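Some structures are shown below for you to check.
Shared chain: chain A. Partners: chain B in the first complex, chain C in the second.
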Partner chain A sequence: MVFAELVQYVVTGLLVGGVYALMSIGLGLIFGVMRVVNFAQGDFMMLGMYVTYFYAVAGSIDPLVGALLAVPPFFVLGWIVHRLLLARVTGGDPGRQHDAQLILTLGLSLVITNATTMILTPTPRGIRTSYATQAFAVGPVLLNQARSYAFVMALVLAGLVYLFLTRTDLGRALRAAADDPEAASYQAIDVRTMHGLAFGVGIALVAAAGGLLATYYPIEPNVAGNFIVLMFVAVVLGGLGSIPGAFVGGILIGLVQSLTLLVLPFQLQNTGVFVAFLLVLYLRPQGLFGRRARTV
Partner chain B sequence: MKRSLSRMLIVALALALVVPVLFMGQAPAADDVKIALVAPLSGRWARQGQLKKMGADMAIEEINGQGGIKALGGARIVLREADAGDSVEKAVSAAQRVLTREKISAGIGSWLSSFTLGVTEVAERLQVPWLSLSYADSITERGFKYTFQTSPVSSLQAEQALDLVTDLAKKNNRPIKKAGIVGDNTAASMFFYKPLREKLLAAKGIELVVDDVWTPPLADATAIVQKLRSTQPDIVFYGATNFPDSIQVLQKIKEFSVKSPIQGVGAWLVTPEYVKTVGKDTLDNIQTVVAAHPMKGQEELVKKFKQRTGEPFMTQDPLCTYAHVWLIKEAIEQAKSADPKAIRDALAKIDILSGPAVSAFYPPRVRFDERGRRIGATPLIVQWQDGEPYTVVPIAVATRPIAWHR
Partner chain C sequence: MLTVAGLGVSYGGLRALVDLTLEVGEGEFVTLVGPNGAGKTTLLKAISGTAAATGTIVYRGRDLGALRASERAALGIAHVPEGRRVFPSLTVFENLELGSYRRAARRGRAQALQEVLELFPILRQRRSQLAGSLSGGEQQMLALGRGLMAQPDVLLLDEPSQGLGPRIVEQIFETIDRIRRERRLTILLVEQRVVEALELCDRGYVLETGRVVLAGARDALLADPRVQRAYLGA
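== the complex of A and B ==
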């Protein structure tokens, strides 16, 4: 019985961590390629949840499909946001650009949250799915169906991103632009386009994560606040700029959150996460997968 | 040169657009009476702030439509709302801002007890009378002169809710032997759990088998609901004020087929979005103890509210705020002055038995003791039945009979 309970805690942690992982990859990609800390990442996730919700309400599209359908429009949105706003504060002297980037993404976050509150009202909405309240029973261990589907899709999407980055010319060009923008430009790689691509993909991924989250989590304009800190912790834990690192970081956070409850009361659930975070940073300041020279 | 000229033109144009907006709605006639509403209009409790504002707007429209405040020659009431946001610090600074910018006669807010505790300190310092629906006992335990609490306090709610559920369970031949406490650590919830843990449960011989309290937001409800499943308490006292947390718990309860009856604390558990998110079957028979809810005989008021707002039903937050505005109006009538101190004195002496100012309260009478607590304030029990929350206790004002257990 005790063993089954432990397995249940581990499984729950993994399932929660899967979606954290997908949320974090986008943030890690954007930082890895552009060196931009995107504070508005959680707000794009919230928009992804709303788009999935409207797909479900207006088109009766299942949110698991809706999450995938959110990818193309959010890629375009990310591309446009980069072209119109971020491109103006990236690519130059990094020291001077940093403040502008922080203010821009923080401002973007505030504008998106408040505009959504004004337009869509603060009333929470939810997509009712049968699988949100059903579980796969594996012996005494129960796997929530919504979280299981979301976990599998998060794995698939993360795998696709990994293949894209390692197996395609465009992916290699993206990594080259991340490693050394100057050398990449000598190889006829348009670094600005690569930045747009990275931002588009990063936003599309977090929107998809939002869509998956919407299968079991209510949607409201300020939902980002519940996740953004965890996303940052995951990215730094895994090693700033490392995609596998962000993924593992996300999974680890879910696991630590769940296993913390075995020894600490609920009120200290996130304490476990931050203790683990500080411990990793103390022992390995570059993060689990980080190198001295940050790479994608 | 040309560029700087065009920049100046843009700035001038922007100013021309913005400046009138800044002053729009901010220039009431000199004799208007200004009331502050400090409530969460953004952040995770924004929905509750929105509901409170609906109630305030409705009362103000009625009062002004009926000729305003007669003792002040028909002065109109004007609402000044300030966003309490999602933290005590934001709530306090919102109160500070709204109360110092112009002369405010009285204030209402701020829904969450933790916010109210901070906001009433500002009101006390600035000597502005403050009406609150928040539950925490400590709100009126600090010797404040300007704070008036119309709701029954949390500890009293805990006592009455426990008495009620033990009685009901006994009548249904399912006596309560084991209880669980599940919820967050916001002030009102904590004051509700405290007497249960410390004395009430033990006095009735009830064992506390689950006691899980978290800081919102909750990452996942599996561990909590797993404990409920393995211990099967005969009643669960439930205080998850943050909507996503509550939804996660209720979904998990359905998933794990937990059958323990749920006794909530607070009106957050009876908002319309619950039906849309978890469905009416999951909600059926879940009950909660609240300070106010539409009672028998208030059908007209509810109908009017629904027509105005498009909300499917009326709940505590708009109802109390509606009554609070009316109560301030009555106090001004009696004080014959819009001066905050005079209104405070009038509220301290007030004794009203009828009219819209008592519409939210049970029993229907408003008078305050020396601490600022409404004398005789009794909580209501509201229960979800067929996708709508009905007042089920006290029976005299119930809109439906209570149903016990699924």
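== the complex of A and C ==
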């Protein structure tokens, strides 16, 4: 009986971890390629939730489909935000531009949160689906259907990103630009284009993750704060700049968060996450998948 | 083919290159030697577009001044940078394939890959390994192979011997000589190993503190008493 309960918590953790993994990949990709810490990542996730919500309300589009339909507009949005704002503070001497980047993404986050609150009101909304309150029963273990579908979709999207990064010229160029921008430019890879691509894809992924999250999580303008921290922890846990690391980090966060509930009340569910985070930083400061040092 | 005139580069108030003029003809092998800090790497970076420069750089009748580094590479200028700079988290094959990322090189990619693997058979064995895990010599071969994958018209080589053992250095220089003989590729080589590098070339320049102090054909340079005194220990 105790064992079944443990399995239940592990399964629940894995299911939410899949969605965390997808959002963390977005953040990790942006950091890996651009060396920009995007504080507005959670706010783009929130916008993804709202877009999926309006797809559902206005177009009767199922949020699982809506999450996918959020990808193209958010890719374009990310590309434009990069061109108009981030491109002004990236690409030069990285040491000198970090302050400007931090203030820019932090400011972007504030503007998005507050504009959304003004326009859409702070009232939480939710998408009603037939499967949100249903569960698949596997023996004594229950798998919430909404979370199960969201998990599968997150894995599929993460898999597509992986294929893009490893099997296409453009994806490889993106990784090359992350490894060594100067050497990439000697291979005719335009680093500025790669930044726009990374930001567009990163934003599209977190918006899609938001859409998936919206199948079981209430939508409100302030929702970003609950998730941006988890994303940062996942990315650092996995090793800054590593995409597989961000993925595994996201899954682990879900697991730890869920297992914490075995010993602590719901309000403290992130305590376990931070304890695990500190342990990893203490024992393996480069993160699980991080390289200890860069080759010269 | 490549003409550099009145080139100047400064880093903060420091002048790395001063009014430098240099020419590389079609199919020519030009070597530029000089001590550490003479500005050799800076010159190659200025040509490739990763160091801001004043003066003019003309490649095949086209002024490169307004072009970004990636655009210059797209025109067929392959830069094999100092310190090799392979992409450490990509596999050996991925590194090579990115060498022919430029549009003009994509069609010939498979053919170029075969040729590079024939030059450096070790890279075939290492193909799925991460480039960061290779030895220094293997990384240099990979960097050179990546440059050749671009099927370039001009190859810029920045200190390919740096930090390598004597046997590997000899092998690298032999390969460069072979590439040059087999393909009649235009090459601009920058080196600290004066004798070996000058022996490879048609023509050479000696650079000191950002200025050309000596220029001439290979044999004349090797026989020049100033070169002998300064670099050959004679």
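Basically, the second predicted complex is superposed on the first by the 285 of 296 C-alpha atoms of A that agree within 3 Å, B and C clash if a C-alpha of one lies under 4 Å from a C-alpha of the other, contacts with A are read in each partner's own complex, and residues count from 1 in each chain.
By our rule, a contact is a pair of C-beta atoms (placed from the backbone, for glycine too) under 8 Å apart; a residue touches a chain by one contact, two chains touch by 3 or more.
Since the structure is predicted, the reported quantities are computational estimates derived from the model, not experimental observations.
If you put the two complexes together on chain A, you find that chain B and chain C both fit without a clash. In the overlay built on the shared chain, the residue A:V191 is in contact with chain C alone; chain B does not reach it.
Applying the stated contact rule after C-alpha superposition, one finds that A:Q41 touches neither chain B nor chain C. Taking Cα centres throughout, chain A sits at the apex of an angle toward chain B and chain C that amounts to 150 degrees, reported as a multiple of 10.
Judged by the touch definition given at the top, the superposed model places A:R172 against chain C, while chain B stays out of reach. Shared-chain residue A:Q8: touches chain B; no touch with chain C. In the superposed model, A:Q101 lies in contact with neither chain B nor chain C.
By the touch criterion stated above, A:E182 is placed in contact with chain C alone, chain B being left untouched.
Taking chain B and chain C in turn and counting the residues of chain A each one touches, the greater count comes from B. For the pair chain B and chain C, the least inter-chain C-alpha distance in the overlaid model is 24 Å. Of the residues of chain A, not a single one touches chain B in one of the two structures and chain C in the other.
Partner chain A is touched in their complex by these residues of chain B: 41-44, 46-47, 49-50, 86, 185, 212-215, 217-220, 222-224, 226, 243-244, 247-248, 251-252, 254-256, 273, 276-279, 282. Taken together, the chain A residues at the contact with chain B in this complex read 5, 8-9, 12, 16, 113-114, 117, 121-126, 128, 132-135, 142, 144, 216-218, 220-223, 225-226, 254, 257-258, 261, 265-267, 269-270. Touching chain A in their complex are the following residues of chain C: 48-50, 68-71, 73-74, 78-81, 83, 85-90, 94, 97-99, 101-103, 106, 131-132, 139, 146, 150. By the touch criterion stated above, chain A contacts chain C in their complex at residues 169, 172-173, 175-176, 178-180, 182-191, 291, 294-296.
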